[in-house]
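One chain, chain A, links the two complexes that follow: it is found with chain B in the first and with chain C in the second.
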Partner chain A sequence: MSTATLTPAGRPDGEPAAPAPKGRQRILPPPVTGQEMVLIVVIALLWLALSLATPAFFTSGSIVPLLVGMTPIALIGIGMTIVIITGGIDVSVGSIVMVCSVIVAQTMVGSGLPLPLAVLLAVAIGGVLGLVNGVLIAYGRVHAIIITFGTLNLFRFIGLQVFDSSTVEGIPRTLNFFGRGEAGRTLGIPHSFVIMLVLAALVWWYLRHTAGGRHFYAIGNDQQAARLAGISVRTRVLMAYVVTGLLAGLASCFVLAQGTSSLAANVGSGLELAVIAAVVIGGTSIIGGRGSVLGTVLGALLVQTVATGVTQLGWRSQLSDLFVGLFILIAVGADLIRQRTRRAS
Partner chain B sequence: MSARRHRATVAVVGVGMALTLAGCGQGSGGSAGSSGGSDGGGGGGDTPSIAFVPKLQGIPYFEAMNAGGEAACEELGCEWLYQGPVEADAAAQADIVRSFIQQGVDVLFVAPNDPDSMAPLLQEAADAGIAVGTTDTDAPNSVREVFVSQASTEGIGQTLTDQMVEAMGGAGRYAIVSCGETAENLNSWIEVQREYTASEYPEVEITEVVYAGEDQAVATQMATDLMNSDPTLTGLVGECTSSAPGVAQAVRDAGRIGQVSTVGLGTPNSIAPYLEDGSASSSVLWDVEALGYLTVWAGMQLAEGAEFEATNDVNSDLSAVEYDEETKTLLLGPPLVLTTENVGDFDY
Partner chain C sequence: MSTQTTPGTEPSAASGSTVEPTAGGTESLPAKVLRILLTQRIALLVLLLATVLITMSQLSANNYLSAPYSTSYLAATLINAVPLVMLGLAELLVITSGRGGIDLSVGAIVSLTGMVFGFAYGEWGWSLSTAIVLAVVFGGLCGAVNGALIAYLGFPALITTLATYYGFSSLALVVNDQRPINSQPVQDLYSTASAVSLPFLPEAFPRIPLGVFTFLIPTALVVWLVLARTTYGRRLYAIGTNDVAAEWTGINVARTRFTAYVAAGAISGLVAVVTVAQFASARPDSGVSGNGMALPAITIAVLGGVAITGGIGRVAGVVLAALLIVWLNAGILLAVPGNAGSQFQLFALGVVLIFAALLNGFSNRRYGGTS
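== the complex of A and B ==
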């Protein structure tokens, strides 16, 4: 049916439409899933409503900080999406951000580390901590929530040792390239947002269109079957946590760039929950096997929009907690309904 | 009396394992031994042990108080014990208070995270013969013998307002970025700011109060949103030590230094870079090290059973510390206003 409508439309342009083979279409979910469409519509409506309610909302002075503000959560969310697709979870990301940001901040204060080295250092530390998670989970045969709950505390301890009962003061403005200020924009577009978007697009494409990417879904759907099908489950699982660690390392640079010139030991605390919220709101199934990075980015954008909207409208701050809570419940509810209907059919 | 001591000793041995946390094991052994010995000898001339449990350990504020307390004990002759939870958590704090009770310290000071749940523990401490006091944050409905207050609620609220209005040039609209929604001290300062602004500065208006928790990034984002939603806003108050540099950072990032002024309760080190570029006009705080000093001095008075005078000569810097008999409150003095002039004198 779709071929019949596409072919006539393709010919007048002189460009033959080449519909994908039918079998492949059935395996891949649509590029934008139903939940993602809903999110796009909800965000669009929210932006419209906010623009009407407060004229200042749809100005670059307001939108740029909003886009910059969502990047740490969206960035870590990319990795968390892969992890959750495999049926795992990583609750240690807040602690990873804490360790990376304190070490980078101290090094910058101590030795005037230039920007590229600071990023490299943060990403490297994040990668190592992600590797610790990955090895323990891939080879430990204990559920990821237990392992990462352990490493959450372990990494926190390391971070607190580095903080050494004090804060880091006088952090130079090296990382302002990722900030919401003038130095963080080119032609009005914030760097951190573009970087996040590029990485999200890459991972989105990889998960969707490569065999390696599809393996993550296979593992999340049925680990045993995936193994029997010849997928190297351990390598894939390990990869998911290392990527999450790397991204958390990069995100810590964004967190530093958005912070002030002092860094306190509570950095990153509670971040894991914000990230998981974005992933779940984005339509990724918390039990694994289904989800996409696009949804996660939209989820992060929705959460940030709500926080900004609540403040700009002059509503009580705690209302944004209420909205995020409702979004999570609605998203999980939609996921459950989808699963039931799928099983029924 | 001896039965109680015996029980305390057993308890000390029993909880010994738990106390290894954060290197406190060494301190606990020492202090339990020494205080037990001195009391056994009839409470003679041994140096008293003064313990302080902050809301949380590892933040510059309480570390500065610790430094002040340590210095005071060296000068006045006491043993200073300092340990707090790693998060501002009432239950974790209660555990540390219990361990100090079991160690049998002579004087116990607490800056309670939750004043109501701390009250029965302070009762327990008093029953064990420990002199108890609160400092920094009060537990008014408890048996504490003294509250060492850093500044009066009126002092902080009014000084913040005066500084804000001065920075705004005497007229305009300002918003407040507060932190914990239920933080009693912050809320009572805000109440004073509202009343004082309304009565003293009719041309100034408080537009909004938002709550960012203890998160700097959230405080900065909220300050940005406040500036965006109200272009006529010319002032921002950061009500706690994390939101004070946060609001200044927002003004700096938005490139609106000179158009929007900020003041707040920022520690000297955290606010210094912002005072320098003008994104913060001033910071209202108190001398935290002096607060630690005064806490120890009050502890020594309690240990010696001395009464507080209406005005106390503590040392050359604290020559007229007022004491309110009715509320049993020792007041450090008027707030300290940090500007580019004096911010370099402090290192915390």
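== the complex of A and C ==
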């Protein structure tokens, strides 16, 4: 069974392997899967169409907010991808972002926390909340969606308790380093986007090229088999939720940086659905065992492009949700068709 | 979502049911009571409900609460149970149908159908009964979109209903340019949400909101009849338990599952009417604002003993779970006045849900399966 963790050839994930280089047999799926290629083409077409329709689209004043705006969703999406690959789900991420951002915001208002400490604080809180999810799911033996529905309420309660009044006012601009303004860019490239890309690349490599990373796929495909193959299922599942919590903590810094000097109590609400949408559009199977972080990043980019495009075309901004819904259905439909043709062949 | 986080549960549960005596003459009384409480979700809910009612009445008697926790107060809060129970029943149907069945879009269907109902009744001057029929049909159509994708095309339910959640809520906002409909006929509907005193009952009997009789009880009765007394109900449990086995016994699995989603949509359409009446206005975000209506409904269903893996679930469990949450919330509002009260409601909901779920997992391993 140990080969199952190393060779995904038997899984539907494995596109027919490209001719392997001599001397070393490669059984990994190609680095860019079909869904991701389609996404790249769709995004390219959208950008082309938008730049033709509105000349303002391809200016830095429009692209930078787009790239910065997608980072919270993409960042949490990285963790959510791992969680969904193991066959779980985490609907509490919006509440985690809320708790982290309100505590960090209040600490910054109260004590003028410097940037590194603020990030550390946010990530630490996110990690602890992720740990709560992970422990309950890995050791409580309850389906992830039920536990995270519960912690969604619990975390929101904690956040509202910390909020005390309905908003936090006068947040200092400490986090501007991650913002969409001048302070958030080097050579015109937003820092938050680069940080997100680096983290995504790390996780992508880890999931694809290390034994530990393949364990997540094994768990998602067949938990029982994974356990019998000697994988520590509980530790891996726990890890997935902690990583998601950590990333949600970091994402809350980005959310704060993009916001104004006041923070309302509805921060992060509905974020979990946007993140799950990005992950699914990116080709990760909700049943588990299949997916990649690259797809998630592309999915987040697509969602943000649609939102930007709808606004720039002067359409009603609520329409973008309709397109997101359609894209989800198309992505899942395309995935189903590919699976069926693969099974038939 | 068909994969369980803990496949270890399954085999141990299966073996447990053969090893453990199900009804033992050797079992002592406390052990028997414990087993019933752990394996019968309804018994547990009744116990919890009694605990909440007794505790709150005690607090009320000792003047710890800001207002008396009286029967008339409890009856008045039942208006909150109407949408909760009905959507919980919608989730019951859908989750029971199995293969990761779930419906995240019920809140969005409530929003969109509410707007359609608002147009028909408030703007086009339809009569109330035809407008209600329209709402039910329209909700059913929304559910049919979910059902067709999930049952016939094999889309995963969680993702499909997430997509339609986006679609329906977006349409609800766009259809009237984000404005609510509150013309005179819609405002007059508010009277249906008011309390009535029942005929044939003594005057001292608390006044119960009319919506309980016009919407909640009929819906609960119909769902119960369908699930417990018709072949369709048996088929639904069968496909939820094992849809391959159901297929081999000659059940039309796809159509049975499709019908469950259509029914969930139709119930959501009815909830839309209730919500419009309750707010005296058709609001474009009525079902999705805040946490929305779908998450509480799923929570209620799970708390009521509906197995997220399908095939298990009872109407009585959902109704009791909703009563527990509504009356617990009502007590919390009196014990912790103001904004903090609504925050503690979130806390209570989360704790009760996780507690019930962990207990479920435990009793599964200890006794093998709950009913």
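Quick note on the criterion: the second predicted complex is superposed on the first by the 310 of 345 C-alpha atoms of A that agree within 3 Å, B and C clash if a C-alpha of one lies under 4 Å from a C-alpha of the other, contacts with A are read in each partner's own complex, and residues count from 1 in each chain.
The rule we apply is simple: a residue touches a chain if its C-beta (ideal position, glycine included) is under 8 Å from a C-beta of that chain, and two chains touch if they have at least 3 such contacts.
Predicted model, so just to flag it, every value in this text is computed and none were measured.
Using the superposition on chain A, tell me whether chain B and chain C clash or fit.
By the criteria stated at the top, chain C and chain B clash after superposition.
Determine, under the contact definition given at the top, whether A:G170 touches first (chain B), second (chain C), both, or neither.
A:G170 contacts chain B only, not chain C.
Touching A:Q318 in the superposition: chain B (first), chain C (second), both, neither?
Both chain B and chain C are touched by A:Q318.
First (chain B), second (chain C), both or neither: which does A:G150 touch?
A:G150 contacts chain C only, not chain B.
What is the contact status of A:L160 with respect to chain B (first) and chain C (second): first, second, both, or neither?
Once the two structures are laid over each other on A, A:L160 reaches both partners.
Determine, under the contact definition given at the top, whether A:G140 touches first (chain B), second (chain C), both, or neither.
A:G140 sits against chain C, while chain B stays out of touch.
Could you say whether A:A307 touches chain B, chain C, both of them, or neither, answering first, second, both or neither?
So A:A307 only meets chain B here.
Which of the two partners, first being chain B and second being chain C, lies in contact with A:S62: first, second, both, or neither?
Touch partner of A:S62: chain B, not chain C.
Regarding the shared-chain residue A:G299, is it in contact with chain B (first), chain C (second), both, or neither?
In the superposed model, A:G299 contacts neither chain B nor chain C.
Contacts for A:G130 in the overlay, against chain B (first) and chain C (second): which applies, first, second, both or neither?
neither
Check whether chain B or chain C contacts more residues of chain A in the superposed model.
Counting contacted residues of chain A, the larger count belongs to C.
Residues on chain A in contact with chain B in one complex and with chain C in the other?
160, 266, 318
Mind pulling up the chain B residues that touch chain A in the complex?
Against chain A, chain B makes touches at 57-60, 63, 86, 181, 207-208, 210-212, 214-218, 220-222, 224-231, 242, 245-246, 248-249, 252-255, 269-270, 272-274.
Which residues of chain A touch chain C in the complex?
87-89, 91, 136-138, 140-147, 149-154, 156-157, 160-161, 220, 223-224, 227, 237, 266, 269, 273, 276-277, 280, 286-288, 316, 318-322, 324-326, 328-329, 332-333, 336
Taking the complex as given, what residues does chain C use to touch chain A?
Chain C residues touching chain A: 1-9, 100, 102, 104, 149, 153-156, 158-160, 162-167, 169-171, 173-174, 177-178, 290-291, 295, 298-299, 302, 308-309, 339-340, 343-344, 346-347, 349-351, 353-354, 357-358, 360-361, 365.
State the interface residues of chain A toward chain B in the complex, per the touch definition above.
Listed in rising order, the residues of chain A that touch chain B are 54, 56-57, 59, 61-62, 65, 69, 160, 163, 165-167, 169-170, 179-182, 255, 258-262, 264-267, 270, 307-308, 311-314, 317-318.
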